[in-house]
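Listed next: structures, encoded as structure tokens.
In what comes next, chain A is part of two complexes: it sits with chain B in the first one and with chain C in the second one.
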Partner chain A sequence: MSERSLLLLSIADDELILGWRDSEWTGIAPTLEEDVAFSSIAQNEIGHARALYELAATELGGDADALAFDRALDDYRCAPLVELHLLEWAHTIARRWLYEEADWIRIEALKAGDDTELAGLAAKIDREEVYHRIHAQMWAHRLGDEPRFRAAVEELWPYALGVLPAELRPELARRTGLQLETAGAVERGTHTSELEALWNEMTEVRRSVPGATW
Partner chain B sequence: MVTAGEVWAALGEIPDPEIPVISLVDLGVIRDVTVDGGTVRVELTPTFLGCPALEVMRRALEEAVAGLGATPEVAVIQDDSWSTDRITASGREKLRVAGLAPPAPRAAGATTLVQLQSKAFRCPYCGSTETKLENIFGPTPCRSIRWCESCRQPFEQFKTI
Partner chain C sequence: MPIFEVFRQEKKGQAFAHAGSVEAPDEAFAEAWAREQYGRRGESEALWLVPREAVHAITDWADEFDLKYRRVDGYSIKARLKEARERAQSAPAVDR
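After this line comes the complex of A and B, so read on.
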């Protein structure tokens, strides 16, 4: 597989799995406004995944659904940060904030890159992510120095570093005000045990009835 | 043989699947139409990537072109060529009449929370600018929720992207 396809699958898998995790708040978020916000953010993230899978499919064959749902568990390229099952508000906001800051750095790099097709798609995604960042930054500011929130940020920080390649990590540390040297990153390419349950649920229909449409 | 003008006119009759007061041409999602013999190529650019209306739009475009006796070829262009600035003036007015505040013009930089919280947004029901942001997110990816302090009504606002 080319470096480009690996990159596309990495980002697409991040967005798909995080979209799935965010959607777990649909119906049970602490306020109605957040119920709507998390549902809408999840829809956007999965939309980004679809577009990235479609671009990857031009080289890998198949289509977005096949790449999203027909791969073996170990073939997913997502960062462990997005896999964690975090139905607790401080952790959820900590992840949203850390992920959006990391994703922003990644998108800026893609927009400035030589791959015009990917740069164009990154620019499109960026327009939508602006609203996710505003939401995440507003919550991070609101929770501020709350001990539960700070503890969640510290706990997830090594995972957040794993979203980015090593050369982009100092910028993430700078933007978040966190310390680079104290953390060993939880790297992409390994999976948490929590991905398996999600994968089982997410792919169940496709595995039960191959080629199913609805 | 069909002309590009006839195709544009036919596409101008297709309502948006989620906001049917406005056509796909008014929404600005038709980027280009080219006629090559009996084939009509239509370039469609999505509003939001996660918008479920995209497939419905694609089918409606194909049917409209086929209705003119030509073979449709709809290409979905996934770059950032669509922004809310592409919504036409008549499209904005149709949105307002339907109770959906049109998007603010896209500023030079990225949208900020301060901009979203400003009172520059006008209530589509009473015209007051005494409005505040309730939720950046709404019932579809393209909408936010605002509240009018004057007529005490919530209303939907097209997000600026």
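After this line comes the complex of A and C, so read on.
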């Protein structure tokens, strides 16, 4: 598989799995307004995943659904950060904020890159991500120095580093005000034990009736 | 938590209409939540967010003397119209 396809799948898998995880808050977020907003952002992320899979499919074959649902568990390229099952608000916001900051750096790099097709898609995605960042930064600022939030950020920081390639990590440390050297990154390419249950649920319908259309 | 009333403009140039409200701790949250609730499907050209306490409401109206002829709906002229039509029909034709 080409470097480009690996990169596309990495980002698409991140967006799909995080969109799935965040959608687990639908109906139980802290307030009704946050519930609507959080679910909407989760849907956006899955929409970004679709667009990235479609681009990947031009080289890999198949379509977005096939790439999203028909791969084996070990073939997913997502970072361990997005796999974690975190039904606790401080951790959820810590992850949202760390992910958005990392994703921002990644998108900026793609927009500035030589691959015009990917740069164009990154720019399109970025126009929605602006509002995700506003949302995440607003919450991170609000929770600020709350011990529970700080502890969640510290706990997830090694995972957040794993979202980005090594050369982009110093920028993430700079933007988040966190220390690069204190953390060994939890790298992409390994999976947490929590992904399996998600994968089973997410792919269940496709696996139960292969090839079905509706 | 404060309540912000949300007014929505559907198309440029149209009047803003009350769309609903969001309950939010401050303007930043109100903005983020209103964007998602009232704008994520591209259904709004613009939104106004107004803290509910900024709304000066008027709900009491004095009409002690039943001056309904001053209202836009006026009073019913149905009966008078009917009478006029009947009069017109029964009047002798005018020879021109």
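Assume the second predicted complex is superposed on the first by the 214 of 214 C-alpha atoms of A that agree within 3 Å, B and C clash if a C-alpha of one lies under 4 Å from a C-alpha of the other, contacts with A are read in each partner's own complex, and residues count from 1 in each chain.
Just so it is clear, contacts are C-beta pairs under 8 Å (C-beta built on N, C-alpha and C of every residue); 3 or more make two chains touch, one makes a residue touch a chain.
Note that the coordinates shown come from a computational prediction; the quantities given were computed from them, not determined experimentally.
Overlay on chain A: chain B and chain C clash in the combined arrangement. When the two complexes are overlaid on their common chain A, residue A:65 makes contact with neither chain B nor chain C.
Looking at the shared chain after the overlay, A:55 reaches chain B, while chain C stays out of its contact range. When both complexes are overlaid on chain A, the residue A:108 reaches neither chain B nor chain C. Of the two partner chains placed by superposition, only chain B is touched by A:124; chain C is not.
Contacts of A:41 after superposition: both chain B and chain C are touched.
In the superposed pair of complexes, A:155 makes contact with neither chain B nor chain C. When chain A is checked against chain B and against chain C, the one touching more of its residues turns out to be B.
By the document's definition of touching, neither partner reaches A:24: not chain B, not chain C. Shared contact residues of chain A with chain B and chain C: 33, 36-37, 40-41, 131, 134-135, 138.
Against chain A, the residues of chain C that register as touching in their complex are 1, 22-25, 28-29, 31-33, 35-37, 40. For chain A in complex with chain C, the residues that touch the partner chain are 31-34, 36-37, 40-41, 131, 134-135, 138, 142.
Considering their complex, residues 33, 36-37, 39-41, 43-48, 50-51, 54-55, 117, 120-121, 123-128, 130-131, 134-135, 137-138 of chain A touch chain B. If you check the complex, the residues on chain B that touch chain A are 48-51, 78-80, 82-83, 110-113, 116, 134-141, 145, 159, 161.
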